[in-house]
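Which chain is which? They are A, B, C and D, in the order written, and residues in each are numbered from 1.
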């Protein structure tokens, strides 16, 4: 579907932080068995700290009612909008970097291989354990020179637990990347809603 | 892509066995915590037992060189071929059902939730441990009335370890199903090849 | 505690099957990443088909009457009894090998290391998925020449889900072994009972 | 063995932080499926930041050569010493709390149960990803009123990857606890050394 393929836009500032952070995180990898270090950086969708620039956002989208005084939630990026609209929205979102903490992770292996964990899950678990459950984007870095490192299926499922409509940046060491939504990487997924249906 | 969406055809006989078996396998589920039983049935691509009908296959596809005397491998289903060609091939494959053992699995939970395992992985692990490493199709059954039960990301990754081009049948209790390839369910996947690149 | 340390006795015939089977199972290991093949063999405590003939066991051989209609449960081995009593009990149990199916497993790795599974869990999952939930013993084999291969913590927890009082035989390639109960290998364990307490 | 049973002593100040932190961490648990929140707090054995009080340590134990200028490593607690000697050592170690960062974690579940993670592993993964690989103690808290919450086998194995001789505090909500070493909780364990033997 065309909409699913729409790559979610991220503010340049955030994107740069993400791309740098996932590369930096790779240095902490504990991977004596695979010798395949991976790093990840996760951008949360916080909104607890909110700037006065909200008024400009209101003008653009008329979401005043959603974002009233004391609101704890940021307007979700509307990924399905045409790219040009995203660009407008970004101008506003740039004002509120403080409200989006970033968590980094690395792969951590175990002599009993199945007990290791990937960089992506480490980053997500750190965020959750610090109280952040909504995510905007994750970036992943490895030493693979010619391939964009992509998340394993288990990590995709853990991402999906916290929403299908956020961005996964798969990078190369040269700084290039491809981006997909969680939905694109895990189509027809099983999730929290399904479990509830049976109980 | 159109080719990826092409649902792989399976002989009716095999398909029926698969659909019945995954429903039957559900009965063995050990799921005291979720109370969400799941069953899976896995059709292997064996070829060790091969019928004399091979000559007809040779005529159809000219794969004599691939399937010489004593060959241990079956011709792979060519999923990307037009459906009508698949139909021709099926006529032949129907002759060799003995060469395709079927393995079933169920979900097996643990009081420590992360130590449970899904039905799909149970089936795959059974097959591997019995010497079968090539798969043609897996079918999955649950009690969800209105949804086709789909594999979690971890199971998709375990499927993918053994090939991206085989079929996943996601069923409903009423016997209907949707089918996707592993590739479709886990696009842009990380796999065995990637690990080798770095070593 | 002295009782816990008491190594559970197994009939010689069963023990030999176990030790051979775990070594044989190792051959199916899919371990291209660790190159560390492991095999496991699991002896179930079946008893679904059980006769009153237990009294004399049809004079040591003829198993036809052993498996007549009737009782559904085998007498559990009483591990805490003095060893001499075990010996007496064994004389009887030796007559009923058919009632105790054996399942084998191997380690099955994944390019995404955390998605692999150990030999012990493979064997247990196979048994459960075939309807066997009570176990008497598991044996483990690896290529380590000078060490008795021991189960990882995850496998111990999966064993413990199905009882703490059964035997784990950790072997060396030379055929020697040490044996511990699940309880000994996972003391002070968390299990199914604990989860119920809170609900 | 008597030595293994010797519970490792921790400075009162650190112990209090640990016990409070694991209880606090429990509040972040994401456990919509089990409704069984667990928290963990992990005390690292850092030593990178080291105080001038080292001289007193030198006087007490004569370890000057081990702890020379620029040393990166703290003297390991000698668990097998009589308790009174620990007390002497503690007086000194109290001087260097800054060198021992504490990491907290909670359980984070998934609709696909096997993809969840425990509180203990979350805490350990956080520490590793921040560059801390040596641990002194971990404390665990749950809502079980009458039981000391104990780590699952998988968590014990992940703890063991980073040493067998550190302390696990299993607590009750009333603040009481029992303490065991990783070695005691995972006897006869498989670890990094074993994997190397075969390669």
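The rule we apply is simple: a contact is a pair of C-beta atoms (placed from the backbone, for glycine too) under 8 Å apart; a residue touches a chain by one contact, two chains touch by 3 or more.
Model, not experiment: these values are computed from the prediction.
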When A-B is set beside B-D, which has more C-beta pairs in contact? A-B
Greatest centre-to-centre gap (Cα means) from subunit A is with chain C
If you average the CA atoms of subunit A and of subunit B, how many Å lie between those two points? 32
Find the geometric centre of each of subunit B and subunit C from their Cα atoms only, then give the gap between the two centres in Å, rounded to an integer. 30
Starting from the mean Cα coordinates of subunit B and subunit D, work out the distance between those two points in Å. 44
Residue numbers in subunit A touching two or more further chains are 33-34, 112, 115, 117, 152-154, 157-158, 190, 194-195
Spell out the part of subunit C that touches subunit A in their complex, as residue ranges. 33-34, 109, 112-118, 152-154
For subunit B, which residues are in contact with subunit C within the complex? 25, 28, 30, 32-33, 104-106, 108, 110-112, 115, 117, 121-126, 128-131, 133, 154, 157-158, 161, 190-192, 194-195
Mind pulling up the subunit B residues that touch subunit A in the complex? 34-36, 142-158, 160, 170, 178, 180, 184-190, 194-195, 197-199
